[in-house]
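To keep things clear, I will list the structure first and then write my remarks on it.
Chain IDs A, B, C, D, E and F follow the sequence of writing; residue 1 opens each chain.
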Amino acid sequence: MTVERPSGRAFDEMRPARINRGFTRHAQGSVLVEFGDTQVICTACIESQVPRFLRGKGTGWVTAEYGMLPGATHSRGDREAVRGAQGGRTVEIQRLIGRAVRSCVNMKRLGERTVRLDCDVIQADGGTRTASITGAVVALRDALDKVGAQAAFREFAASVSVGIWRGVPVLDLDYAEDSSADTDMNVVMLASGGFVEIQGTAEKAPFDEAEFSEMLRLARQGAEDLIALQRTA
Amino acid sequence: MTVERPSGRAFDEMRPARINRGFTRHAQGSVLVEFGDTQVICTACIESQVPRFLRGKGTGWVTAEYGMLPGATHSRGDREAVRGAQGGRTVEIQRLIGRAVRSCVNMKRLGERTVRLDCDVIQADGGTRTASITGAVVALRDALDKVGAQAAFREFAASVSVGIWRGVPVLDLDYAEDSSADTDMNVVMLASGGFVEIQGTAEKAPFDEAEFSEMLRLARQGAEDLIALQRTA
Amino acid sequence: MTVERPSGRAFDEMRPARINRGFTRHAQGSVLVEFGDTQVICTACIESQVPRFLRGKGTGWVTAEYGMLPGATHSRGDREAVRGAQGGRTVEIQRLIGRAVRSCVNMKRLGERTVRLDCDVIQADGGTRTASITGAVVALRDALDKVGAQAAFREFAASVSVGIWRGVPVLDLDYAEDSSADTDMNVVMLASGGFVEIQGTAEKAPFDEAEFSEMLRLARQGAEDLIALQRTA
Amino acid sequence: MTVERPSGRAFDEMRPARINRGFTRHAQGSVLVEFGDTQVICTACIESQVPRFLRGKGTGWVTAEYGMLPGATHSRGDREAVRGAQGGRTVEIQRLIGRAVRSCVNMKRLGERTVRLDCDVIQADGGTRTASITGAVVALRDALDKVGAQAAFREFAASVSVGIWRGVPVLDLDYAEDSSADTDMNVVMLASGGFVEIQGTAEKAPFDEAEFSEMLRLARQGAEDLIALQRTA
Amino acid sequence: MTVERPSGRAFDEMRPARINRGFTRHAQGSVLVEFGDTQVICTACIESQVPRFLRGKGTGWVTAEYGMLPGATHSRGDREAVRGAQGGRTVEIQRLIGRAVRSCVNMKRLGERTVRLDCDVIQADGGTRTASITGAVVALRDALDKVGAQAAFREFAASVSVGIWRGVPVLDLDYAEDSSADTDMNVVMLASGGFVEIQGTAEKAPFDEAEFSEMLRLARQGAEDLIALQRTA
Amino acid sequence: MTVERPSGRAFDEMRPARINRGFTRHAQGSVLVEFGDTQVICTACIESQVPRFLRGKGTGWVTAEYGMLPGATHSRGDREAVRGAQGGRTVEIQRLIGRAVRSCVNMKRLGERTVRLDCDVIQADGGTRTASITGAVVALRDALDKVGAQAAFREFAASVSVGIWRGVPVLDLDYAEDSSADTDMNVVMLASGGFVEIQGTAEKAPFDEAEFSEMLRLARQGAEDLIALQRTA
């Protein structure tokens, strides 16, 4: 099957990805991650205490929050602080980021510390949640290094989207594809090869096992490239 | 592999499922769905208008909300109306229910009407989101019948959880399994066999393609049984 | 005076009342109470601590919350957790329930424990607050038994509505009557015969002492029947 | 029975009541009402539109809000605007005020106008809700006069508290009595003699019909005096 | 230049100001302050603890809140407790009041106590923030006296507005002037002559240094008069 | 007077300022502004409608919102969208930005359009509000150009902070100075030389007219440099 992607990319071709470490100076870890035109600032701040339910247990905690600047999207979005609540999509995404990043950390070795990850999208063009996860893991790693807690870092993990677009499995959907895809799937994979999260949603048409397998194969390939980028960043 | 499940069920055995239609009388559709000890009231109410962004387009809308009675769980949960906001888990679940149920509806044939689904858990023992979806689809069907909009109902869809528990893929996790599973996955499948939603999360250990395929196979089997139940209910 | 009530009941005839104990399994007390078509789930959960203002005083606390499933009414109601606040009517009712139920408990004997009562209406047909109180007292009793705190239970209390409908005092108003009553009055009475709460509101026409006395007489009769039901439940 | 009231008043003696009309100048009606040391500013503002659910029906609406200045009580209370919500007690009181004041108005004659009543307690010493109602009715009357809608005013109504204090029925409880009363009851009575609201709560001991009748007798006497005051104010 | 002010006052003439101490009885300091038709109740309540971030440091804290009764303005304002949040203007004003009043207090000598100031406008005619500050300082002083903490009071401070109205600098703008001024400036000055706050805003036309100096000169004169009034009150 | 500033700058020396236009691509105007280590993204989005209170009047509206990424400061700040409300400082700043930017716009020529400015601090080192204003004016200009509304742009305006630090007037305070200054003043000046906003606060010591004049002189000099930068950017 030959379908021309809006960007001219091959069906298994990711957008250029960049990871810019040390982007701002106050947080212990600070990364600007770019998946094509999608740009996210990921910071990691470490506090020397844990939430109440973990106190005295000798174990740490990792939590994530997600946001989007109002001007980051095609038409301006509401500022959630003004509306007085995070939207449902935001909550769903930050829960996903939190679970993904926790899989990279050994909580016992972290000790009674909390890592707070913040992923703020400054420009959106599809894939903000996968870029956020991929960048947050690097910010996490940098922050752990900075406080001498390298031992708490287990391994890298990266996230990429795959989907069925005009009937064809494609890798790393941009906004033009995402908004018209039949199926959209986000995958988080560890450097050691295991999956930690798969979220596939049929937006327009249901998918079958064969399509699913092909999407998973593409996702593995994309995630491996991103993990290589995390290592060299 | 032989692992004794807490309930004594076989690894591919679902809990007894029941769908009790006409459970309450005011909503156009009202179902009590039970997956073992998990009990959810699903109601479907139809309004003859659509949200502002759809007005005048001749198309309908389906939306879902989810809640849990404070006394439904082992230890009492906060009442979200008192806290002043739905929690992140609630938001994540109700967005999943909404997407799943929308896949059963032909919005053009629905016309300018809104179906509001409410899934309220009165007793929780694992699988509240899959039971909610499975019951909501029946409540939706009943409500569409009641207002003479049968033509807007495309087909049944059911949802079931699968997971890796003590290293073994199992079907329809109860609370005892869910709280100690390596991986937990929720699947929504249409009667025609396609998947519309897959959400797999590695809680304790990552999973690979082979485990994933086996979980998907179990999910298909479970969903087929539930769809048969929906048809006979 | 002869006025035909919509339900065909005599002016001093209550709807069939049922109290179904052990309705769900996690809360220490769980009751489904029915006043005709009005159905309320009342659960009682006991926690082994008290609010801050009571700590160290050797005395317990009882509190109540009230809610209505969105699909419980003729036309769907908003979900308060989504609106972000309990409505005024809800707040007024749960304060009434709390005061009523507290009159059944010896706080000293309860010791430093909190009983949390939740009354959730799953089907509404008038009298949801009186049914809630009547059911909550039974759930409370069961929960106290379960934790070995029987001694903290003073006595039963029941609640019933009375009103002036088409000029005639009637007992236990259903929705059809309630929405067109001249006066609506809710009464809470102890098993020992004293009143603990009377709330009478002239919706359409003011009432005088004679009407008031007659309503009170009916309320006493209804409450006595309900207390007998509580004892045999 | 002879019990010395903290204030030295006879059991059926009200505190000096004053109604100061034209207290502020912007609202159409503005009253400072005093029941002894309890002082409440009641304003009535008239808008020439009604809430959406009444539009086009040719009928008006009356609504009330209640508040307490933080410094009005013995120990400073939280400012509800800062906490982000009105408390349950506030909501309960303002609903009572609204119902009471609506009984004085002919909504048809009011036409499509809304009267907004605001009762703000500047000094509290028991009986803030009864003083609020008594003052609000006068503010309402003045505002109706001001806009030429006298015909919409039906009749005066006043409110007074009664209770059982140290076993004795007493009229118009101040804070010292209110905080230690066995039973506390608020009554709203029309100038024509009918009751529109009775809310009796056993705080410490239940009450019987005889006590109830005696309280009601005292309330009638107090309300008549207040209505006389409203007329002469 | 001769421009007739709406009130007929000279360009450098303040409205009659009054400070009525002991206005209510529960707060340790309570003042009714009037700048012409602007009337504000200022109370000061002292608590014997400080916010968490100051505990154990031997220093005190002063904080202020501001509100306006709904009926205080020409057309009724929303009640912020009902809307669920203080508005931006309110927040801005109460931060200004807090900073101004803190400049009058020696926090070390105050010790671990918190002074809570509440400024509630009961009638508004321009200058509510300057009247609030001027009255709050007196309420503060009275409250410190009452708890024997006179030593923590440094000196009086007063606030007054100045502006450019029809091209002319004027002192103490009322509502008619304020709503049509070119520039509006609020100044807080200590009794010892130093300024602690200057907030000037060009509403209609920018201002230059010369206009600024003239406004400052008027402000000094007005503040001196108000401080004299504070001393004699 | 010779005092060594922490940064080694002369008392009248600003930090290097940069204005980076076209920073992101979706908003009509998008600027990254830097005052030394302070970095703010300012976007301007134009909507073709105005708030309800302006409809049909042929005039436009300009509004501003301000935020700070949680990781932008030395120790991580709360995310306001999670807390559920903007803090007082945020509200105060965004009101200042809005007033300042409105002074650059001819609302009649803008027509019935709304310009929404968003200033989001990604790195904070003092002066975030002055940098925000200075950048927002450029974003505004670019956005007006983009929609062909150049005629609505009146003139540039810039903002700079001045203060008294260790007794000496200094220009453009960084965080080290800001947190220990005696007085802190923010000034907004138009290209044509008039002031539109002056906010001076004595943090530690009051200031007199002479100090005020000197600060104003420095502010004028700084603002002139920034306006030159705006023009060349």
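Note that a contact is a pair of C-beta atoms (placed from the backbone, for glycine too) under 8 Å apart; a residue touches a chain by one contact, two chains touch by 3 or more.
Quick caveat, the model's predicted, so the values are computed rather than measured.
S.K.: Using Cα averages as centroids, what's the distance between chain A and chain C in whole Å?
M.R.: Averaging C-alpha atoms per chain gives centres 50 Å apart.
S.K.: State, to the nearest whole Å, the distance from the C-alpha centre of chain C to the C-alpha centre of chain F.
M.R.: Here the centre of chain F sits 58 Å away from the centre of chain C.
S.K.: So the centre of each chain is just the mean of its C-alpha atoms; given that, what is the distance between chain E and chain F in Å?
M.R.: 27
S.K.: Where in chain B do residues touch two or more of the other chains?
M.R.: Each of 84-85 in chain B touches at least two other chains.
S.K.: If each protein chain is taken as a node and each touching pair as an edge, is the resulting graph a line, ring, star, complete or other?
M.R.: ring
S.K.: Which chains make up the ring, listed in order from chain A with chain F immediately after it?
M.R.: Here the ring order, chain A leading and chain F following, is A, F, E, D, C, B.
S.K.: Show which residues of chain D lie in contact with chain C when the two form their complex.
M.R.: 85, 88-89, 91-92, 94-95, 99, 103, 185, 190, 192-202, 205-209, 212-213, 216
S.K.: With touch defined as at the start, can you tell me which chain A residues reach chain F in the complex?
M.R.: 24-27, 30, 37, 39, 41, 43-45, 47, 65, 67, 69-76, 79-86, 90, 116, 118, 120, 122-124
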